[in-house]
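Report on the following structure.
We just call them A, B, C, D, E and F in the order they show up, numbering each chain from 1.
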Amino acid sequence: MFHKPEMMDALSDYASARYVIFGVPFDGTSSYRSGSRWAPDAMRKASANFETYNAYFDVDYEDLMIHDAGNLEHYSTVDQTLEELTLAVEPIVADGKIPIMLGGEHSLTLPCVKACARYSDEKIGFVVLDAHFDLREEYGGVKYNHACVSKHVLNEVTDRYVTIGVRSGPKEEWVFARENNIRYYTPDDVRKKGIRKVLEEIIDYLGCSKIYLSLDMDALDPAYAPGLGTPEPFGLSDIEVREVIHRLAPMCVGFDIVEIAPEYDNGQSALLGTKLLREFIAAHAASERQH
Amino acid sequence: MFHKPEMMDALSDYASARYVIFGVPFDGTSSYRSGSRWAPDAMRKASANFETYNAYFDVDYEDLMIHDAGNLEHYSTVDQTLEELTLAVEPIVADGKIPIMLGGEHSLTLPCVKACARYSDEKIGFVVLDAHFDLREEYGGVKYNHACVSKHVLNEVTDRYVTIGVRSGPKEEWVFARENNIRYYTPDDVRKKGIRKVLEEIIDYLGCSKIYLSLDMDALDPAYAPGLGTPEPFGLSDIEVREVIHRLAPMCVGFDIVEIAPEYDNGQSALLGTKLLREFIAAHAASERQH
Amino acid sequence: MFHKPEMMDALSDYASARYVIFGVPFDGTSSYRSGSRWAPDAMRKASANFETYNAYFDVDYEDLMIHDAGNLEHYSTVDQTLEELTLAVEPIVADGKIPIMLGGEHSLTLPCVKACARYSDEKIGFVVLDAHFDLREEYGGVKYNHACVSKHVLNEVTDRYVTIGVRSGPKEEWVFARENNIRYYTPDDVRKKGIRKVLEEIIDYLGCSKIYLSLDMDALDPAYAPGLGTPEPFGLSDIEVREVIHRLAPMCVGFDIVEIAPEYDNGQSALLGTKLLREFIAAHAASERQH
Amino acid sequence: MFHKPEMMDALSDYASARYVIFGVPFDGTSSYRSGSRWAPDAMRKASANFETYNAYFDVDYEDLMIHDAGNLEHYSTVDQTLEELTLAVEPIVADGKIPIMLGGEHSLTLPCVKACARYSDEKIGFVVLDAHFDLREEYGGVKYNHACVSKHVLNEVTDRYVTIGVRSGPKEEWVFARENNIRYYTPDDVRKKGIRKVLEEIIDYLGCSKIYLSLDMDALDPAYAPGLGTPEPFGLSDIEVREVIHRLAPMCVGFDIVEIAPEYDNGQSALLGTKLLREFIAAHAASERQH
Amino acid sequence: MFHKPEMMDALSDYASARYVIFGVPFDGTSSYRSGSRWAPDAMRKASANFETYNAYFDVDYEDLMIHDAGNLEHYSTVDQTLEELTLAVEPIVADGKIPIMLGGEHSLTLPCVKACARYSDEKIGFVVLDAHFDLREEYGGVKYNHACVSKHVLNEVTDRYVTIGVRSGPKEEWVFARENNIRYYTPDDVRKKGIRKVLEEIIDYLGCSKIYLSLDMDALDPAYAPGLGTPEPFGLSDIEVREVIHRLAPMCVGFDIVEIAPEYDNGQSALLGTKLLREFIAAHAASERQH
Amino acid sequence: MFHKPEMMDALSDYASARYVIFGVPFDGTSSYRSGSRWAPDAMRKASANFETYNAYFDVDYEDLMIHDAGNLEHYSTVDQTLEELTLAVEPIVADGKIPIMLGGEHSLTLPCVKACARYSDEKIGFVVLDAHFDLREEYGGVKYNHACVSKHVLNEVTDRYVTIGVRSGPKEEWVFARENNIRYYTPDDVRKKGIRKVLEEIIDYLGCSKIYLSLDMDALDPAYAPGLGTPEPFGLSDIEVREVIHRLAPMCVGFDIVEIAPEYDNGQSALLGTKLLREFIAAHAASERQH
């Protein structure tokens, strides 16, 4: 009769869950516009807009084991937040569940990838959709700034790394990427090759069966997602990002959506982010059904 | 010297009018976000942004016989609203004019289609642009909910029915559609086949010369129309919808635009809806000129 | 570590709770602007802005037994919503707890007052803060419209009825109020007499020790609460309303805050409403401590 | 059945009307924020929020003869706008009706005052509520700038002039006011003396039985009216302005409300402006009834 | 340590500058929505969102000689504004620098083109991206209205004129364009031919090596730029406009971006406009580097 | 001809300046809503709304020596920001000028007070207008959190400390205040005693001739300033705060306005803050003139 303001269709308790959704309302290192702290609850609100059924995968979300764990407590510093997030996400992975993190800023991805890597029986790949390289060692004296997350994954977790949608970064990042044979695809690359071809190249390149997928929403063009911390024109289309999720979700051991800043639009970005989250779950669940 | 806040270029009185525009500011059954009650006046405001001339059809709106009848009174329940709307729209059709209804929510389409069907000398077709099937028998105990309008048209008016842009619905609707050979085109279908091919298939399938066209604005992708009651990602483009209108308007005996919720953007959706309204009128008028 | 997006300081489970907060996201009969469906979650979001301590009453909310039951399911019609709300609120009152309802629209007050009256050992009073009389028998053919709630309380629950802040209504309501000796105080009355004098008159007039207090936020001047369904200028000040709550809370067996429409400001009304909710709880708890 | 988007309760045709409301959507000389061009339609929209009855004066607006003439056509320059407005307002006054102009910017007041003066059998007074003196001869090379309207009334119409709420102006205006014995009341003066005392002084000072009242909404404090072109802190309260209108309306031969910029709030200023418009009409109508 | 709120990376003083950016916060002739007066500062704010490096051209903006001269003083009439702008822009061109004007409305382009033409050793071309023809001789009695700028350039500066993105205008403008062999490309033309083919045709047609490029942001589809004075559906994509800038910038002796109205979105249009400004500078600088 | 987007009337260069205004766009420790990073530029934009003359003090701002130094660079951590701010503000004080800091968050006040204390020949007082005590030793592990600024001033600078407007804090702060004889005035105290009486008590209590005044805008009621990081109902009125500034400015050696979050209203808070800034300067300048 009463229900908590949770993600729609997250009807499972933790114990039975296959997918554990949780929010991390932290945006303390945001450089341009902050506000991704409000994204997890905005996405819960957005979820009520959608039907429970995904026709493409013939999946009804109500039949899946989805748990919404709520939000991580708010901590004042990025260091403490990452520490607490590590403690929070590890048990989820240890319990064999798929963690789905709703940021908050991109720095929050690191503990999630790490946890997934630790409990994987093989080296995992890391695929990130992002307008930015996020390959700095530190930014403004802050190591775990949101502009550095990919570098730390590279350093601390895995070198099976691909980024899609990248179109912005200081010269150092572009040089670093080229000199270190970082595999990246700009939106122009995607438009030229087609996203399906790109995805086949990526799977080939990674050569692994398990990946962590991180969706920094600014990978998308601001026409589709104007409510962001650092919107960057000339981005990916909604369909291209959906294609990435459809193709890679079956390989995923973890997933996140970060950097939505809901104060900067009227629900548009949170609605699209939530829809993409649902596409991820449906694609993943459909693949497990087939086995 | 003074002028009423009417739709621009609606210079005709009722008696001389070929096109009778009227608003129905009702959104009482809206399930997610309400606010389409404000759409008719928002579209009148938007109309002042546009030029009086349509170059594609070489039509000047000031030369056409367009009448803006104003808004239907506000009634508290959907049942009474539909009843009063029936009384209001029937004389317009009976007088041989083209009714153009500005919603308000999608449930308002039913009395308009009915009126058009009643005064037609042949069975009319019903083409609806919508992200949703709207094929429920009832929703939440309310028969004439906005989520059921297509079902009621099927039941009560005509089975010459096609829906374009559909991408959302409970499993029951998808199953019903397939089992009853409902002709529908998702945006992915449209992207694959091309909208022109789709339109030829539709005209062929319907096999009639008169149709009623209903534009639920959520058929469009939220990038083009973010101010909606139930925005659904991965939708049709503005150009695809314009193509539908250009092709079908000449066959139309009635038209409506529904589900714009102007409080959720800064005019973007009302401006596009109003532009599409003008494309409809120009396309229809150009076709009559040719005869 | 994780926490649900609940009202801050609502740390108690249902069984131990003294105060049970619940939201009812329904605004289906709203006549001018709708949107109070979003108020319960907006108030939860607002609650994080406040400290856990109320210095005036020397009360720490964390020490109180407050439970947030979540939101009532959404039903499509006012009749069904009131029916389900009745089923939901009765057990709370039966269990000896104080129900605190967050609307949604004002029609939702009726089942709450009724439940409180049913389980009271004496006839309760009903005090309502409102810009409007809400004394119509029905509105637009809808009996349980939000513009009729006080009439139904009068008819069905109690004639110990006072309204504060009223300044708007059709002539019939003003005549009815006068002819039936309805005790009402306009904001002008309050400004002239002073709110403390008014409150003593009210307590005297009611002659009962138990009341239900309903706060239609439009009692307040729009300078304090611009985000409302039907904002009415020349209203009560924040301090006057706080005074009412401080004085009457100790006598209250139930409380609600209704008619906030959060889409029409940037948090201002939800923040004030939430603050007044907290003043209610502190005032009530302080009075129980003293016994 | 259908109704035009007019001011609520404006049920009279022109011929029978006692009050003729018209909008002038012009803001071409606005110096800081423009947007008052949208105010007339925003006020029409706001009017639907209010009841038809004014209890203070026991007046039902539906019983009065109110006509909404619509909006003046849009002209590109202030000079042409004033010229056309002159042509539009003169017949209204000549026909013995009360013109009520909804701006648009303050420069539009001049032709209205002039028309009222021309058709008056005695020299009329001019009372203006404004945060600004508007006593410049010209501003930026534009004679009929909105910052000059009071000077032109002084020069061209009447020296029976009082301004209330003034608190902003270049030194020259303050000096001019003092040296020319301009009667002005700052909000601090009003707070000290009380608005009733101020009003008696004004009536005494003017020594005439007919006045034109102009309400530049920035006379009000931005807490009550944030949606303005040039908001100025430390202003009049809603109650003080209402008091002015109640007291002076019976003497008025014309009235206007100008400088609301609706894009800068969520209806708050248009709602208050519309309410004050209704207070004006009720106060005026009640006084005529008494004769 | 302190820095002025200037365009990011505008590190050069005037004397050393190759690119001189300046704002003109004037929108006095805006016909539908005004507000482009706020665009220059909104673009400065937006610039902080971007990286200093352009990877496509391998250009670091910090290495370029970019000067931000600030904003032109505000003048009340378009005539005086154009006069003062003429005085302001001429020295910039005379000093051999590239003027980059941030409007403000489109009428401001004329003095900039004129100045560039005057100091060119050959007849320059004028390429304008715009949804509108802007080919009226005057609009509403105002010669230098923003709807007339292209006509005045044709009359007073150069007949080497091409417009891209045009899709709106009164019949007279379309007829004038056809009868005078004006070279124009609608967005539909661009979609059909491809923007690269269009650009080759244009360069061929103009037959000159120096052009002035004016970007009226309404050339873009409102999905990419909703915050405009006169948004027009069915426009150019962000990529198409970027392509125009990349191709033509090397030939440019002047550039402007006009008609952004930042109050009508949450930064989306100012961010895209600023990004396109940066693409212009990088493309131009890269071409000079190659010589 | 061109002018930088500076604070209006800040016509002086640094060397000649008596008042040095600078912004610090940092909000990294904001706990509820962030966004005060945008306040300095929002206040510059707001300043253009006001006249250059202050009639109460007969002061023309253009005659004063006001310098706008721009904004401090953005640093990522509060520690580095405070360090750099110390380096930036010290020379201003050392040069005998009055520093006026525009936050950003309240933590930024500390280096400013410190600098003023260091260069004062007597122990200075610290008067802060704030809804919150800000008396925590640290918050969330962050010493220099914005919720701790008053404690650090007490610890590190001066015990001549008074806070006005306080109405929110954890129990510990209220206990600490009482046990340490902290002098504080709640808005209720101010309403009871009158602000003038309160100010005489404060001056008496402090017993010093030099003070630093810090205005956390949340001291004001949200009706006057809704755009804040942590808005708290039941606050001070605009007039009360103006009174504080008028009375204390002559004693001030430094001043700041912090915690405005401009994204949460349409200019209302930035306009009021800027007006209060101008009242400060006028009051201070008038007092110096008198000597």
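The working rule: a contact is a pair of C-beta atoms (placed from the backbone, for glycine too) under 8 Å apart; a residue touches a chain by one contact, two chains touch by 3 or more.
Chain labels with UniProt names: A, B, C, D, E, F = Agmatinase.
Model, not experiment: these values are computed from the prediction.
Novice: If you check the contacts of chain A (Agmatinase) and chain B (Agmatinase), which chains show up for both?
Specialist: Touching chain A (Agmatinase) as well as chain B (Agmatinase), we find C, E.
Novice: Quick one: which of B-C, D-E or A-B reuses the A-E interface, over half of the residue-numbered contact pairs in common?
Specialist: Equivalent chain pair to A-E in B-C, D-E or A-B: A-B.
Novice: Suppose chain centres are the mean of their C-alpha atoms. Which chain sits farthest from chain B (Agmatinase)?
Specialist: Farthest by centroid: F.
Novice: Going by the touch criterion at the top, tell me which pair is linked by more C-beta contacts: B-C or E-F.
Specialist: Result: the pair with more contacts is E-F.
Novice: Could you grab the centroid distance between chain C (Agmatinase) and chain F (Agmatinase)? Build each centroid from C-alpha atoms only and quote it in angstrom.
Specialist: Distance between chain centres, rounded to whole Å: 37 Å.
Novice: Could you put a whole-Å number on the gap between the CA centroids of chain B (Agmatinase) and chain D (Agmatinase)?
Specialist: Once rounded, the distance between the two centres reads 41 Å.
Novice: Where does chain C (Agmatinase) touch two or more other chains at once, residue-wise?
Specialist: Answer for chain C (Agmatinase), listing residues that touch two or more other chains: 223, 265.
Novice: Please list, in label order, each pair of chains that touches.
Specialist: A-B, A-C, A-E, A-F, B-C, B-D, B-E, C-D, C-F, D-E, D-F, E-F
Novice: For the complex, give me every residue of chain A (Agmatinase) touching chain E (Agmatinase).
Specialist: 32-33, 167-171, 174, 191, 221-223, 226-227, 230-234, 263-265
Novice: Flag every residue of chain C (Agmatinase) that touches chain F (Agmatinase) in the complex, lowest number first.
Specialist: 48-53, 55, 58, 60, 223-224, 238-239, 242, 265-268, 271-272, 275-276
Novice: In the complex of these two chains, what residues of chain C (Agmatinase) are touching chain B (Agmatinase)?
Specialist: Those residues of chain C (Agmatinase) that touch chain B (Agmatinase) are 27-29, 31, 34-35, 37, 74-77, 80, 139-142, 145, 263.
Novice: Any idea which chain C (Agmatinase) residues touch chain A (Agmatinase) in the complex?
Specialist: 1-6, 22, 38, 40-41, 44-45, 69-73, 84, 87-88
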